[in-house]
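Same chain, two partners: subunit A is paired with subunit B first, then with subunit C.
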Partner chain A sequence: MHWSAIIEDTLRAGVGREAIIYALAAIGLNVHFGYTGLLNFGQVGFMAIGGYGVAISVLEFDLPLFVGVLVGIGCAVLLALVLGLPTLRLRADYLAIVTIAASEIFRLMISAPSWRDFTGGSDGLTGFSSGFYDVNPIPDGVYGFGPWRYNERTLWALLVGWTLVLLATLLVWLVIRSPWGRVVKAIREDEDAVRSLGKNVYGYKMQSLILGGCIGAVGGMFWVIAQASIVPGNFSPIPTFYAYAALILGGMARIWGPVVGSMIFWALLSFTQGVVNQAVNEGIIPSWLMDANQAGNVRFILVGVGLMLLLIFRPQGIFGDRREIALQDR
Partner chain B sequence: MTAQRGGFAKVHLDPFDGVEEQPGVAKPDAILVSDSITRRFGGLTAVSVDHCEVQRGAITALIGPNGAGKTTFFNLLTGFDKPDTGMWTFEGTPLRGLTSYRVARLGMVRTFQLTKSLARLSVMDNMKLGATGQTGEGFFRALFKPGWREQEEEITVRADGLLERFNLAHMREEYAGELSGGQRKLLEMARALMAQPQLLMLDEPMAGVNPALAQTIIGHVQQLREDGLTVVFVEHDMDVVRTISDWVVVMSEGEIIAEGRHSSIVANPRVIDAYLGAHHGTPLDREEQDRQLAEAQAELEEGAS
Partner chain C sequence: MRRVLVALVALAAVPGWVPAAGASTGAPAPAAPQQQEPTTTTTTATTTTLPADAQTIGGFLRYDDENGEPVGAEGISVTIESADGSFSQTVESDADGDYLVAVPGPGAYTVTLDPDTLPDEVVLRNADRTSLDVVLRPGQSRDVLFPLDFGEAAKRNVSTTADRAARLAFQGIRFGLIIAMAAIGLSLIFGTTGLVNFSHGEMVTFGALVAYFFNVTIGWHLYIAAPLAIAVGALAGAIVDRLLWRPLRERGTGLIAMLVVSIGLSIVLRYTFNFQFGGRTRPYADFTLQRQGIEFGPLNIVPRDLIGMIISVVALVAVAVFLQRTRMGKAMRAVSDNRDLAESSGINVNRVITFVWTAGAGLAALGGILYGLSEQVSFQMGFQLLLLMFAGVTLGGLGTAYGALVGSMVVGMVMEVSTIYIAPEFKTVTALFILIVILLVRPQGILGQAERIG
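Up next, the complex of A and B:
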């Protein structure tokens, strides 16, 4: 086994592009579910609408990239309003159903051949990222140390990405420590109690849905801009649940929970893949049990088992407070 | 005319002097007036209240057998449910169509039968949440702490005062979920007071509370009247009702069947019918309970001999 290669891959994955994308998605979910108690199962819908918002603005309307980003955020706000207006007065599970359905509807619409000229259909779109890489101030070359060595292009994307993560975290910290944060946390505990004290619960839930959705959309925009392409296949329901996994791993309703959770989630996936792949290649795992193609999926099984163990032995996640979990059940 | 305190002793000038003890009677100074409120659930008429007035500065008890519609009437008045018909005003402001949070902002704040402490918030945060008109509760203003720091400090001082008064100061930093059932009742009442209501609506404030703590709560409610608040509360225990209520409103099967002072209510045949008819054997008060016990005992002894 080449342990050094596995460890290096693991360390890179912990700060890689996926870690950034899912950190942003999970920060949004933390606002929704961790702080406000809104069960959003369609975070990927916000990521998709942000991504397509920026891609279509740049390609079809020849807008500069930063205007495209604003359009993407505007689309996310609109999506939050459309989802929230009918459902936020209802019980929590209605929002869950509507969000997952809406994200699927959006994905199927965007991959439909009817609007192929506009959306690229199932092939997606490319060529909208030049505005991002053109302004890269880093000269050509290879930078970094140890396992973290990147060319100027990757380094630029990672620097911008982690800056976005820090900004989103700062924004969430600022609002959650304020009286606004106190109200949304109270809504998570009991809406009627909050209403009885004169707070417009519906308005706060809408604001929370918009805030978390916009952060998710920023994650989606970073995703497609950094990879310089967008395809509908990216936006299946799976990313939402990866983001939930990252959030639960890190600890809900904790400022750093989603960020650290996402880093560990992707590091774990890389680690298990490395170990299983090499074990198969070197015959440590016999080929009648598992072949190289199956190894790629086994990592998800292993990470899933790991998550289950976490929920059993440390249900509060890495940063969580065990007392809070105990109180939840009362 | 409001309830006033004498200079030397606690002598209430009774605001109910000369008020006829009739269902729907007009009060000298009503803070809450409701007209022909009905609420139906399918074929069942849960509430059908013709006219009801609540006297300012007094403690009004709303009693009635289980299923009489007391809590539903509470929900309707406070905007937590919508009536099929009816009009009602609070301090002259019509409330029909107002959502619950707007009703609360006008100064009519309620508590719940099943205590709603916000478990994963600290006791202090529960209290601070109660304060109305907070600058920092707006999303964009929340981002800028200097804009709300001073107000937050004022609120904290006020919350500390109330926690002291309700014997919760030592639990200040604990999660509300770690309080005992009785302490949660106290917290809910204290939190409602943070909203500085003129009218406090308590839904069974003594339910599930041990007798010693019930006495404490009774003391707090009486203190609120001394402070000039109007209190309406739903209660089952007739002893409690006798101890603290200035006026009693009796509901049965959705209607108000009697109003008056406690002494006349317990003698009212309609009230006895409502209680004994619907729930045979439910004691109205201590005397009644003793009498029923004595009767039952006599019967048993007869059977044994």
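Up next, the complex of A and C:
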């Protein structure tokens, strides 16, 4: 076993691109679920609509990248309105079903051959992120130390990404300590009580859905711009579940919960996948038990098991407070 | 003969069932480059001796005659051209309908069939596809097939919208019955425990995979494999409830926490299936090739579909009678309606819930087997069905057994019939869109009771 390689990969994964993407997605879910108690299982829909918003406006309408980003955020607001209007008056589980359905609708539509000219079909789109890498101020070269050595492109993407994560965290912190945040948390605890105080619960929920959705959309936009391509296959329901796992692992209703959770989540995934892959390659796990193809499933199984165990035994995650999480029925 | 040909057309109309055009003739694909003995016919270019390593493009042109016997179409002119125009050769098919051309090397080729050389009454099934493109990798030979139809079958292709609508509606009923069987368990589990069970799709897959194991791996006929698989699936439902959900209920885990647990369970099961079964889709060993159908107006029903539908209807009627007439059925409805009241009037709620899980999982397994028969078996078939089940259950009214039935039928019908107007790739979109619209206008569903929250 090449333990040093596995450890280096693990350390890199903890601050890598995926950690950023899922930190942003999980910050959005934290606003939805952690603070407001909204069960959004279609966060990937917000990520996808943000990503396609930016890709299509740059490629199709020749808009500059930052305008494309604004378009992406606008699309996310629209999606939140469409999802929220029918469901926010209903029981929490309706929102779960509708959001996952909407994210699947969006994925099926963007992969449909009928609109291939516009969306690129199942092949997706490329060539829209030059605006991002052109403004890279970092001169060519390799930077960093230890396991964290990056070329100028990767370093630029990571710097921008972590800046976005910090900004989103700051925004959520400011919003949640404001009166708005206190109302939203009160909705999570007892919706009827808040309504009896004369607050427009529906409106607050809608604002929360929009805010978290936009943060998720920023995650999606960072994802597709940094990897310089977008394919519908990226936006299956799985990323939503990953983001939930990261959020619950770090701790819901905590400012740093989703960020730390995402870093630990990706480090853990990279570590276990590295160990399993090497064990399979070196024959430590016999091939009748698991071959290289089957090894790819291990990470998914682990995420599922981890999600179940966390929810059953430690729903507050690492940093959370058990009294502050909305897991009861409403 | 008429029946056979119509059966072929009907099969071709079932999306995703016929794996490759032309395979429904039932004739094995000739291993063209390896032909040891040159055929005695001399009318074609194919009999010229080819070097063993030559790259070829070949194929067979056959149709079923009035007796349903495959017949080779002789003397059909086929032209093969390379994409850069440097190579072009025209051959005629031999008495078996075979044609074979040696090509100079790897690259893109266009194979064009001249429809004027087809025998009388024989037409291309896809009349607009007289040219097919093929790309050869180094050392590769390919078969290029043009499916042909004869006589009535040829006329059948030109059908009216009404005929098409009838056929699609029939498929919709078939698909709706499958969704309904899977969804009843989902709805009853929600009704009795309040759990939105995201792992219900995996119970569908589990039933289909266990049946696949008995049917293909061990080799029993599906008539034995299917009931066994349903029993195993029902047992698995009981075990999951006993080992996971009942302990969670007893320690007072919240319903939303349980919902997330069910998502975790769904991921674990799905990728365990992928681990064991692999990512490919595979058919059952029985009922794969169905040719003889029963004609009914514009419809042609193959035995596989007929048996499947009869089983579905019988199962669903049995469920209805059970819910309406038996003590356990009444207890189930009582617990669904008001759990506390049911418990205080002496109903053993835990027993009822275990029963619901067992029955729901058994029905899901049956639904999975029938779905596997019509679409083939894969590790994520249940997950693909899950959102449609949710659509059906929500449409009919969450928690009501009959609502799940009605809603699922509507979802199945709408999905299939919508393809008259909308491209088939959007039919899932249509179903999920209905889900959102129904929540907007009648959130309690067709059969649900209005309940205001917020």
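Note that in this section the second predicted complex is superposed on the first by the 308 of 330 C-alpha atoms of A that agree within 3 Å, B and C clash if a C-alpha of one lies under 4 Å from a C-alpha of the other, contacts with A are read in each partner's own complex, and residues count from 1 in each chain.
The criterion applied here is as follows: a contact is a pair of C-beta atoms (placed from the backbone, for glycine too) under 8 Å apart; a residue touches a chain by one contact, two chains touch by 3 or more.
Every value quoted in this text rests on a predicted model; they were computed, and no experiment measured them.
**Student:** First (subunit B), second (subunit C), both or neither: which does A:Thr163 touch?
**Tutor:** After superposing on A, A:Thr163 lies clear of both subunit B and subunit C.
**Student:** Counting only touches as set out at the top, which of subunit B and subunit C does A:Gln207 meet: first, second, both, neither?
**Tutor:** Once the two structures are laid over each other on A, A:Gln207 reaches subunit B alone.
**Student:** Does the superposition put A:Trp180 against subunit B (first), subunit C (second), both, or neither?
**Tutor:** In the superposed model, A:Trp180 contacts subunit B only, not subunit C.
**Student:** Would you check which partner chain A:Glu324 touches, where first means subunit B only, second means subunit C only, and both and neither mean what they say?
**Tutor:** first
**Student:** With the two complexes superposed on chain A, say which partner A:Ser130 touches: subunit B (first), subunit C (second), both, or neither.
**Tutor:** neither
**Student:** Return first, second, both or neither, reflecting whether A:Ile105 touches subunit B, subunit C, both chains, or no partner chain.
**Tutor:** After superposing on A, A:Ile105 lies in contact with subunit C but is clear of subunit B.
**Student:** In the overlay, answer first, second, both or neither for which of subunit B and subunit C A:Leu307 touches.
**Tutor:** Second partner only, subunit C.
**Student:** Quick check on the superposed pair: does A:Arg195 touch subunit B, subunit C, both, or neither? Answer first, second, both or neither.
**Tutor:** In the superposition, A:Arg195 touches subunit B and subunit C alike.
**Student:** Give the label of whichever partner, subunit B or subunit C, reaches more residues of subunit A.
**Tutor:** Result: the larger residue contact count on subunit A belongs to C.
**Student:** Would you mind listing the overlap between the subunit B footprint and the subunit C footprint on subunit A?
**Tutor:** Correct list for subunit A: 195, 201, 327-328, 330.
**Student:** Under the touch definition given earlier, write down the residues of subunit B that touch subunit A in their complex.
**Tutor:** 78, 80, 99-102, 104-105, 109-112, 116-121, 125-126, 128-130, 132, 134-139, 142-143, 145, 148, 152, 175, 177-178, 188, 191-192, 194-195
**Student:** Flag every residue of subunit A that touches subunit B in the complex, lowest number first.
**Tutor:** So the residues of subunit A touching subunit B come out as 171, 174-175, 177-183, 185-186, 188-190, 192-201, 207, 211, 253, 323-324, 327-328, 330.
**Student:** How about subunit C: which of its residues touch subunit A in the complex?
**Tutor:** Interface residues on the subunit C side: 194, 196, 248, 253-261, 263-272, 274-275, 278, 387, 390-391, 394, 423, 425-426, 428-429, 432-433, 435-437, 439-440, 443, 453-454.
**Student:** Okay, in this complex, where on subunit A does subunit C touch?
**Tutor:** Listed in rising order, the residues of subunit A that touch subunit C are 39, 41, 82, 85-94, 96-98, 100-102, 104-105, 108-109, 112-114, 191, 195, 201-202, 238, 241, 244, 248, 290, 293-294, 297-298, 300-301, 303-308, 311-312, 315, 326-330.
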